[in-house]
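Please find the structures below.
Shared between the two complexes below is chain A, which has chain B as its partner in the first and chain C in the second.
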Partner chain A sequence: MEKEMIKLNQGPLLEVKDLSVEFLTDFGNVKALNNINLQIKEGEFIGIVGESGSGKSTLAFSISALLPPNAKVSGYVKFKNDIITSPEISGFSTVKMKRSQRKILTSTMANIRWKGISMIFQGAMNSFNPVYTIGKQIEEVFYIHTDLPKEEVKKKVVDLVKTAHLDPSVLKSYPHELSGGMKQRAIIAMALALSPDLVIADEPTTGLDVISQAKIIEELKRLRKEGKIKTLIIISHDLGVVSQLADRVLVMYGGNIFEEANKDEILEKPFNPYTFELLNSYPSILKTDQILKGIPGNPPDLTKDRPGCVFAERCEFAQQICFETKPKLMEIGERKSYCHFADTIAKDPIKFFTSNLTAGEGALDLLERSDISKNKTLIKLENLKKYFNLRGSASGELFGSISSKKFVRAVDDITLEIKEGEILGLVGESGSGKTTLGRVVLRTLDVTSGHLYVNFSKDSGDDFKDIAKVKEKSKLFKEYRLMTQMIFQDPYDSLNPKMLISDIVTEPVRAHKVTKDPMEMEEMASYTLSLVKLNPPERYMDRYPHELSGGERQRVAMARAFILKPKLLVADEPISMLDVSLRASFLNLILSLRKEFNLTVLYITHDIASAKYISDNILVIYLGEGIEYGSSNDLINNPLHPYTKALIKAIPDVYGMKEFSETDIIGEVGNAIDIPQGCRFYDRCPYRQEKCKNEKPPKRGTENHWYICHFSQEELENIRKNKNQK
Partner chain B sequence: MKLSTYIIRRVLVLIPTLIGLTLIVFLLTRAGGTNMIISSYLNPHLPYAVQRAMLVKEFHLNDPIWVQYYYYMVGLLQGNWGYTHTAIYSGPVTTAISLFLPNTIQLSIIAFIIAVVIAIPAGQESAVRKNSAVDQISRFVAFVGISLPVFWLAQILSEVFATPTVSPALNILPLSGTVDATLMAGVPWINSIGVSNPTHIMMIDALIHGNLPIFFSSIRHVILPAATLAFTSIAGIMRYMRASMVESLSQDYVKTARSKGLPEKVVIKVHARKNALIPVVTILGLLFAGLLGGVVVIEDLFSYPGMGLWTVDAILGYDSGGIMGTTIVFGLILVTANFIVDLLYAWIDPRIRLGE
Partner chain C sequence: MEEMKRNPRIESFLLTLKILFQSPASVFGVVVVLIYIAIAAIDQFDPSLIGLTNVNSLVPNFTIPEPLPPSPAHPFGTVYPGIDIFTGILKAIRIDIGFAFFVVILGAVSGVLIGVISAYFGGWIDEIVMRITDIFFSIPYLVLAIAIGFFLGRSLFILSVGLIIIWWPIYARVVRGQSLAVREQTFVEAARASGVGNSKIMFRHILPNTLAPIFVQFSFDLATIVLTLATLNFIGFAPANAYLPDMGYLSSIGYEYAVIGDWWTIVFPGFGLLLFALAMNLVGDGLRDALDPRLRR
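== the complex of A and B ==
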């Protein structure tokens, strides 16, 4: 007995034992967590990876004792010596708790919250209260948990934001005045206020652009080195982010821990089919020309009771037993894997994963790139510009002074050629003008100046017409509308919830009056749905969007865009809202449509790895200006512009670790209103010289791979060396 | 944008609104024809033709309509708003406004305060304890409040609380007027129509003159009309507050606040409520304007000498001066209420104040 007591005291910092959580909802009980066991020692950095519905956030809420009242808990979570989540004190039971009991609980929790466990939320979004200053919200922590006098708290808060590399002036700012990256730093500062034993970071970089994300990751690494963060749980859907920070990784799916192992082991040799298939879903800039398979099917419905493994219905390696009995979390040395075949896999993973593999969804020749340079040109942009007037409102027009009139140069002087059958990746951070360019090309936005030549020829010849200033009612414009379609980022907002799938898909047919025959329309819809691999089509035609999963909805959006066989498709971040396992198959869908119908695609994204996977050529755009263009392999393997170099270095790739710092890029993305006179990138360029400030940089390189800069590659290299010497 | 710049801009935007208001009122009365405009100025004891010619000349009724509008606006700005001849008051419109408006403002403000003080905490509590008994009851009351017509409610309340023949036990409140007639008799600072001097607000005047019985009596007289008026607004405010608070409680910053270890009281009062109030404040202005609509009915039902009672008299008596005067005053109050709401909004929400 005594022995046990001692053991208890020296036990792990955090212990999760047989934890199951169910949410009681109107649509049935959602089994969010099943029998989770987990121990975290002091000083560890644990990563939890999972897609939406995997239970990773529920686990985080259980650990921070923040389960909502409709949760039913079994098992417990212990932090140091205190039980913080258990059937008696969490979720459902809190509603009917006695007042005296609640009081005791509140006082224990008050000690643990923020002093013991603090959280870093997704700060780019809504984690700060919009109506109070950052300073007030950080100070609040001290007032609640300590008795320090006001002056001392103020001093401490200033020190805190300094450790997070922020200027103390942010304390007087309201959240909306800061950029996403700065807010995230402030969130980190707040989390470290009381030097907690355990920090939980829940999607700390989601919603940030790639470069801010890389900086936040570096920040967390630095804080670990300095001992400011002792123990960290990092939760993300992005294995890349997790692998940058964690020592040990937990892979979750459908409320279970599927695999637990050290980071390197999991990345090199996964012992679980889900991990294996998940790793096969990430586009990587390091993997060369390898087809991504993704995982077929949809995320599991957690309200359903199933006798077998929750992943069985999507697993390529599933056998009879997987559907009949639940697997156990098997321990293999230090590692754990939730699979019936864990032992077999552990003996020889490569043999298991190659011998049992069934044919994937995409044929392997999708990535074979035919030489598109001989194709005819479909669209030519010449010095295309789109400015937005900053004073939009009527009162602003009346009372704003003329001299202060400003423009947002969303698209500034873009010259570009897109061949038929080409997939052009348009890569840029948020605010770079990539979406605007896509919409200007479709002419859903008017062109400010410049030319937009479109090849209307039906055969192999050329028949270019400038449609930049063509009126909307003209015949030519209508013809162009028929040639083009778009798919949007959010599959939830882009489909009208009150329309049937068949009506959504056939809407373009009706709008363009292609046919009025309902039979023919149905035939077209059914054919297009099967093209986007929604099989069998009859199963989807009479349903509403809310009955479909995100991946299916995006395919419906694709079917709607493709029903009239457009020549040009503008895809604006089509995969960024999808789960990782569904992304690859959507990209493969675009590739297969291109292959079959010679579709031309303008693929707009902030994710350069997916652009590399799918595109023939990539244009990198910064503050409305194209700064580098090249074939996708060329541009990724040999980036020429300092911005592209930084962008590629900033990707948290699963297969590579990089150090990212201020020497790669300075500050945060600028705005397209106050643009530097010379080079657009001047304010952030680590290579900048005097002449960059006022002189427009020239185009360098070849016609097939150009960039805009004052310096050649040798000169850039010399500048870097000189800088390093200093 | 600085707050001062914001205010200046907002004031400038008021100008076209006010011109629009006066123009619409002007055109509406002119649409009634010459006789409607001059009828209330006619003296039956004098020859009609002469009077008509004089009035047509005075109101420039033979000039083009924009010239008439010009003279009308000049009159308005110079304080010459015409004359009113109604049962409760006869004289210049401006004097009538100065007599009746204070009483109405007092009634609306008291009703408004009652509504806000009850509805905001009730809505908040409803949201915090979603689906509990408190929530169900307050939602039921709100539903009743929205559904009941105000005149019927007024009838019921006066039968229950102010009619000895119907409910002798509950007959605790006076039925009509601003103060008991017996107390009013012979008091030099109260005139014949029941309006007091110098502020024209009975409660304040009673205190000024140190007459406590009249003070308490006036409070008793304002309870029924104010409560009736408030009841209809409570429902709306409460429902908005509940919805807004439910949304605010589900936001990430509330999660952050909880995980920071803040007591639940602080989470609700400091973090959730202020955000929840932002949309509610916008509709408060509109509801205050809605109260004014209720005022017309309620003052008439309770014979409460204010703008509402005068408006009804003016309308029933084809009194063009009175109609124009009251309409403009109500319009001005509406515009001002919206203006104040916009300022409050900017003050509460820093994103509006500083956002461009």
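== the complex of A and C ==
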């Protein structure tokens, strides 16, 4: 500790001074960064939080001197004593640079990169070259930057991989042979190869599932303790991840630093309206039954010049002055806040934020849960299975031997009931089969075996028909299509780019030939658009999807799904691609539609916190099998299955720090091809016993909260105690 | 809404043009191609031709047996039997461009339809269609064209039918590849989940999203077809004694004289051919860059 204090007293390791970056594009000049000032001392862990377009990645690129040639720079970035980004040597000016100059620049940069600054990029999947082994690629760093002999390099690489808690055997494998989490560890090992002074991690856990994410965070914490990572800049859109690692947090929005303060201070008492509203947008499993507000409006268009604050148009506390003049980054003690009213807020943040608060977008009774248990059942799944045949092509079927046929058991034996007006959360990691289940329920995929009973009754009675094997051309199936709709994860992918919004929204109307009258269709479209709060609807009708922001697109997708007032909506990760500030209001939209129209929703997600926020019941699914089911409060507060326990513990929550250790869960999600004979979770379960290997576990618990395991809670507790004693 | 109503489709088209015209090579290509097309169009209204002679035939003048060098009366000279190379080239442009558009448009339309259907339904249909394209790709197309002409006759029309038969597999493959990618995008699934039928999904959702590479392929193929026709005519596979105005035919009759020093008999038709092919390829390159969103900044 003392040692650290001494280090902190030295001059800054990295200095960013008046840095502005503008990108010249075909669509106008994007002002990505405005007057950024930042100092990082050795030994600090800095977190940068921001939504997409906030400039956080541009800042990271400036710090690692990787700005593209269409960037126009002013100000500078200094690392130790070297200027690494400045108007003369970065972006635009490199294009016209002479060869000799460029050579000098490249060699200085090569010296700084890896040795001084190294980077852990987003998306470990793509950071390795697929045709070389991991070992070769890590060795390369040494060959380029050092003169060490071959044997020594090999030894160093092995040591390195061990510090990242990887087995040295991964060195001989190719990138595709490793899972996402292992690859990310290998990337971290590579970044630490030459023990750099500064490590920049740009969204290091995005794209990993919750448990791998928790492990990577633990890994980074451990490496700090061991002194392997000296200084870290961690960039993420997820305040949860940042708050686990950083000492000091910078909040960015629209190319400006909006707030800078120590982590705890910023979480408890934000001094900036944006931070305040952002914190209010995160669903958390610790905050109970509190309505999330989200931030209204859309991310700013950075190509436009505006006289005032870039956040003003979305800010609930905005006054006249906010639209007219740009605020300054005010210093309040150790903290900084970019707001006209920073002084006033700093005096009493809570008073400011509560007294000036206008009525929220959503009514507060959205979260009120009516008792749905008396409602009629809308859909019953019985032993539903969906297997995928691994050999797909005709020639493969001709020439492949029958015995080598393999199946992916994407959905295996799911039995479930969904009541009318219920929101059921389907939670699972990637590869768990949750998306497949959603699609099988909608019958966009065929059922392999099992029953899918749907209640076609128009009144309160029951009229169940099994539609699992019904032909697509039949009348019954068409009726089912009319009852169901879906919204998808990626709002950029789920709207046809060549169609107008009005055509997209009215597509189901045309498909089901509900009406042919164009006037009536337009009326329906405009009504539905206003239902999903795209106001005024006329503004959106004659536009193309690419003109809208992600949040607006997802609302258009919602309008398309809702125009025929379906009974069942399958929402497949509808918010995971949206910016944090837009998520809450989309969830509130689902809740309000449910309230108004008694909509039934199958909400598929990997994010337990959001599932808890909107669903009545949650089913946790693992390798195609439902392993725990319960009401959302029960399941979160009192998880029964070892997997659910680990999953909930792994969520990086803004409001709580948890120690996640290797004993909680082993390895990563397996594949659904070679599933274990007994319990599916056997390979990863820390509680596993001999019996789990070959025997199918029974259902335990009550009808309203069950889980699948060989052991009761007391037995599990005993196993854990025994293990800890060892 | 206060602001004027804009048409986003036109806007995106203008943006494509803007990017296209950022490259001088593309501008050159577009200008040359437009000049060629203008010549082909204006030729229709040449008073010296209307009603007097067949527009689709070269005019021989047997009083001038020897090729004449370029002169004010014959700017590009003449070639046996007294054919004025300048008017010959103008007519050739008309025939060549018309022929190329005919072949490529029909080839592209049939190829695109087959490709989309094959990709959308997959399975056996896809397998059969793709094996057929494999067969077409495994036969040298010149040989195939000659074979078709040999069996069906040598008229310009039959030649074009032969080339269409050869050309559709290229489009079928390009579109199939694109469609396979588009088919996996979620808006297709969204449409299916909304109850939209197969044909609508194919032609409203998949097809419009596969067209960008088709335009690129189209512009390259216009040049290739012109060159192919010229090649066939040059090696003597032209309709016999038809005096077909075509650059390849012109060069083939000029070839013998060029050997003995009458250079103009082959340089001008050859240059006309080269310029068109070059310009068309430059346009194709420019289009590829302009339509590829990855190359936009």
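To be clear about the criterion, the second predicted complex is superposed on the first by the 713 of 726 C-alpha atoms of A that agree within 3 Å, B and C clash if a C-alpha of one lies under 4 Å from a C-alpha of the other, contacts with A are read in each partner's own complex, and residues count from 1 in each chain.
As a convention for this text, a contact is a pair of C-beta atoms (placed from the backbone, for glycine too) under 8 Å apart; a residue touches a chain by one contact, two chains touch by 3 or more.
What you see is a predicted model; the values in this text were computed from it and never measured.
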With the two structures laid over each other on chain A, which partner does A:N126 touch: chain B (first), chain C (second), both, or neither? first
Quick check on the superposed pair: does A:R543 touch chain B, chain C, both, or neither? Answer first, second, both or neither. second
Touching A:F142 in the superposition: chain B (first), chain C (second), both, neither? neither
Contact-wise, after the overlay, does A:K115 reach chain B, chain C, both or neither (first, second, both, neither)? first
Note: overlapping chain A surface for chain B and chain C spans 395
Within the complex, chain C is touched by chain A residues 23-26, 70, 393-395, 439, 442, 444, 478, 481-482, 484-486, 488-490, 493-499, 507-508, 510-512, 536, 538-539, 542-544, 547, 557, 560
Residue set of chain A touching chain B in the complex reads 64, 66, 106, 109-110, 112-115, 117-119, 121-122, 125-132, 140-141, 144-145, 174, 176-177, 190, 390, 395, 398-399
Any idea which chain C residues touch chain A in the complex? 1, 5, 8-9, 12, 15, 18-19, 123-124, 127, 185-187, 189-197, 200, 204-205, 208-209, 296-297
Could you please specify the touching residues of chain B with respect to chain A in the complex? 9, 12-13, 251-253, 255-263, 266, 271, 274-275, 278, 348-351, 354-356
